[in-house]
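Quick one: structure below, then a few questions.
Order of writing sets the chain letters: A, B, C and D. Residues in each chain are counted from 1.
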């Protein structure tokens, strides 16, 4: 009967192999934008929000008459898969997007390991890749089709920390804490440089595992180091909140920084009173005079989808779509290589106003989105924008 | 029978205590080639512990154990077996999910390490034949009636080519015909392989019938040792143990 | 000295929650001999419900204490009901089947994590502080809330102890844990005992979740961290042993608190895993495991 | 009987190789690779079940194989086959030590030691910089000449290993392992060194897992510590349970079904978890013996009917 089993399963196997081998996606007037994002686990909300923003951008473009290339009109369609934040799943997603859905443009991808997995395929198969991976190694002349769709520590940290220092001249020492993952490691390297550059001494730098729920011990340690400032680098807002709460309980007071902190909710939810006066480098405020109605709409939409307000990571997934439209119409082509060539030249309407791509100096090739760095600070449980640092390169290009 | 030749196994003041409780103490016994030896005693007299001690499943807390004059105290069970000491267990001494053939084969594998399949298979075949199990070789041993399962467990041990075959209550729960059959089988095994057989048993009649020598344990100590007749007439033994039964 | 005391207190506070969590695991294993990875879901569910209900009840105009009280009851009740359903329709058929029960529970974990994410969303929720302020014990600051949590946890632990050692049900459970066949021969209704044990275990998990909610972050995946730690605690202590679970939990908590301070949290995490292996090599059945 | 099974098995593998060779490179071929690798991983897990233990260190061994092959390729750039083999050997060596030390424990304890071991190994990757730390290793490519044939190669390797595992299982060594699962005391009492037999069994499984890891590294080109968490073992167990662990074809059936389901469920976001979890729960509830169990029962019924 085992032989019987062999035959049946063989037949079954071959059958599905065939059925899948003969799959082909139709490429009509719709251009698919692939997304590789976490849709489950701790990072789920980032992915869900990103997907919604991508779709929203697509809707907006459709309403605006679509993408006009060579007399034809195209529209975007976002296809998002869960990369579970690791390379293996990231590869599955990559293969599925490129091979099953025949995607030619990756509208955005999140998480260093999965992005690398994706990149190893996109560059070979000539697919244009937008990503929010922070490692500087992800960009460069070797990866001509890779573009970063949000500010990375490279852009954020130096201006942010310069500002924090100028606001708190008394500050002499800092203690760092980062999640033990790629994002954390990338951020920590630059953070050290940034703090040293403004003459603040780094007393200690610690790591914790993502998914940790108990922050008392590390808080005790940080408090024990007695730094003037505590910098939680790439810690997610909710973790950061817990740490600050425990720090307060341990009796520590000082300057609180979350360099790539992306939002107030998580911070307040877990930190409550303890997070007052915390500085963040990747969060955005959507109340206040200079906020456009469109920004309010987008923010409301993300809030509806995720229960949290829109953050800088997610915004990148809106901007990339807008950038694509501009680039395609400029190049009058829907060929990834042609589009990639013009991306550094065009400007486009990002959530933060007009933006472009550059970064030749830092990365050796212009693959970094140019949007303002926004320094925000908690005031009670409200997030307030305290400074907006425009990108010099963009200013020049716009001739301001 | 023989008894002149020097013993295969000898214990020297061997004993085992669990915390305060003394299971076996200062036990001196020996097993000679080809003899059928009975180990009896009331419950808790230390029969099982003795069994575990000489088969290496329990390390002695005192005394020494010799095989062929070599000190083997504290050797692992599988090493003891390789010296010819094979034992069965009181409860479920077989692999229930496997066929009788495979069960016995395991014994042969143990005995003929590094030998070719065919040799092992032959050995298993032989053991099965000796125990009269050839008719049910492909049954799943777990589904066999109790009597047959007993035979299988003996067959496994026999396939391992024992020089001393230790059987832990092989007769319990057998009906008269089965019992008679097992006794014949044991004699046959002994005669054909010349191995000694150590028997722990409650069934006095059977023990008296088959054993050439009997050791009586009581409170972990040797009470008496000798031919069935002497044991039957030994006052201490009667007092300690047999008396009750003889009264019936 | 000050730090030392601080670390010890921290250890006790963390340990108390692990304790509640691992007691449930050890109880289930002791009686049913199954490894229930879905135990974390009861924790998550009650924590989630508390985090959802408290704000809602506040909006209905209830005072905070009442709102919290009701929410806790609701959360625990829901978890226990869920537990009973899972027992009736699933775990009942997998008693004493390690692989079967394990994979079943893993399936349930995936199922519920997905469901929670769908119904509650991935947003981090939190419960407004029930009791604010800190007290100082020998000059080290401890948030009152954690202190109370700690006391509650220890309270339930002792309660369980009392149940297991004094009541008929408890004695029956211990009998079943030692040898269920013998126990059944003694006329102990194994099936019912198993059911009670499972319900009790889910209850403990739910309580842990409910009282953790105000001082921790509440997300659909919060249970996972506690699950791993709880399991290691149980393994260290010896599966099925109640004192073992307690010792194990405190042991881990102290490694976390001291390791986190003297080395760094991520290394402390690693140390825990290494230590559990070492311990099992020295004592293959855990510190207090009997069999 | 065994011989005939082996032959028909070899036939099936050959047939599959042809089928995959005939396929045009695309999503289908990737799917085939993932399925094949999943099958091998599950088979490795099943092999340790012969001695009655649930080996949750499987994920660790897969990881060691992947990193072994990865390092051999990217750092030492050895020839392809050597790298693959090296990965397997790394797993075996570690498995030898791990098994020798831990196989004194049993049941849930061994299961959870394996679990802890997996986590430790994963954390070590994240802290070792020349292994790429958290961001993992990039650029583990198979040689050019294999690019088009990779799926065929993977299927062939997996097929051969499956047959090898089957042969070992049917050998006296395999029988001894099963005997240990049934009643280790008896096995010991007939002069077999139970502990070392268990260790040997684990090493065989570790090799299979290691090769699976190496293959996955070449298929994915990128590996990261996160890939080799305990979830990997969990899924392997799922394949096994759904397929049915009593039958050597269990891993195949389970892996094929669940991987295909997963690729269908992909893009459901959170729904994917629900869908997948549901599949596992239902199949363990409804078919305790797995797919192969069902097929066998059906087959036997049919035979009875035809006999009557």
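Criterion: contacts are C-beta pairs under 8 Å (C-beta built on N, C-alpha and C of every residue); 3 or more make two chains touch, one makes a residue touch a chain.
Owing to the predicted nature of the structure, the values given are computational and were not obtained by experimental measurement.
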Q) Could you give the fewest steps needed to travel from chain A to chain B through chains in contact? A) 2
Q) Which pair, A-C or A-D, has more C-beta contacts? A) A-D
Q. Most remote chain relative to chain A, going by C-alpha centroids?
A. B
**Q.** chain A-chain D separation of Cα centroids, rounded to whole Å
**A.** 35
**Q.** Distance between chain centroids, defined by C-alpha means - chain C, chain D (Å)
**A.** 33
Q. Using mean CA coordinates as chain centres, what's the chain B-chain D distance in Å?
A. 43
Q: Quick one: which residues in chain C touch 2 or more of the other chains?
A: 113-114, 117, 266, 269
Q | Per-residue multi-chain contacts in chain D, two or more chains | A | 123, 127, 270, 272-273
(Q) At least two partner chains per residue is the criterion; list those residues in chain A. (A) 40, 44, 48, 180, 209
Q. Graph of touching chains, which shape: line, ring, star, complete, other?
A. other
**Q.** Touch relationships between chains, expressed as pairs
**A.** A-C, A-D, B-D, C-D
Q) Touching chain A in the complex: which residues of chain D? A) 4-5, 8-9, 12, 15-16, 19-20, 23-24, 26-32, 34-35, 123, 126-127, 133-136, 138-139, 216, 219-224, 226-227, 229, 247-249, 252-253, 256, 260, 263, 266-267, 269-270, 272-273, 292, 295-296, 299-300
Q. For chain D, which residues are in contact with chain C within the complex?
A. 49, 54, 101-102, 104-109, 111-113, 115-117, 119-120, 123-124, 127, 234, 237-238, 241, 245, 270-281, 284-285, 288
Q. Hey, which residues of chain D end up touching chain B in the complex?
A. 172, 175-176, 178-179, 181-183, 185-194
(Q) So in the complex, the part of chain C that touches chain D is made up of which residues? (A) 29, 35, 89-90, 93-94, 98-100, 102-104, 106-115, 117-118, 228, 231-232, 235, 239, 266, 269-270, 273-274, 276-277, 280-281, 284-286
**Q.** chain C-facing residues of chain A, complex
**A.** 40-42, 44-45, 48, 180, 206-209, 211-214, 216-218, 220-221, 224, 237-239, 241-242, 249-251, 265-266, 269-270, 272, 306-308
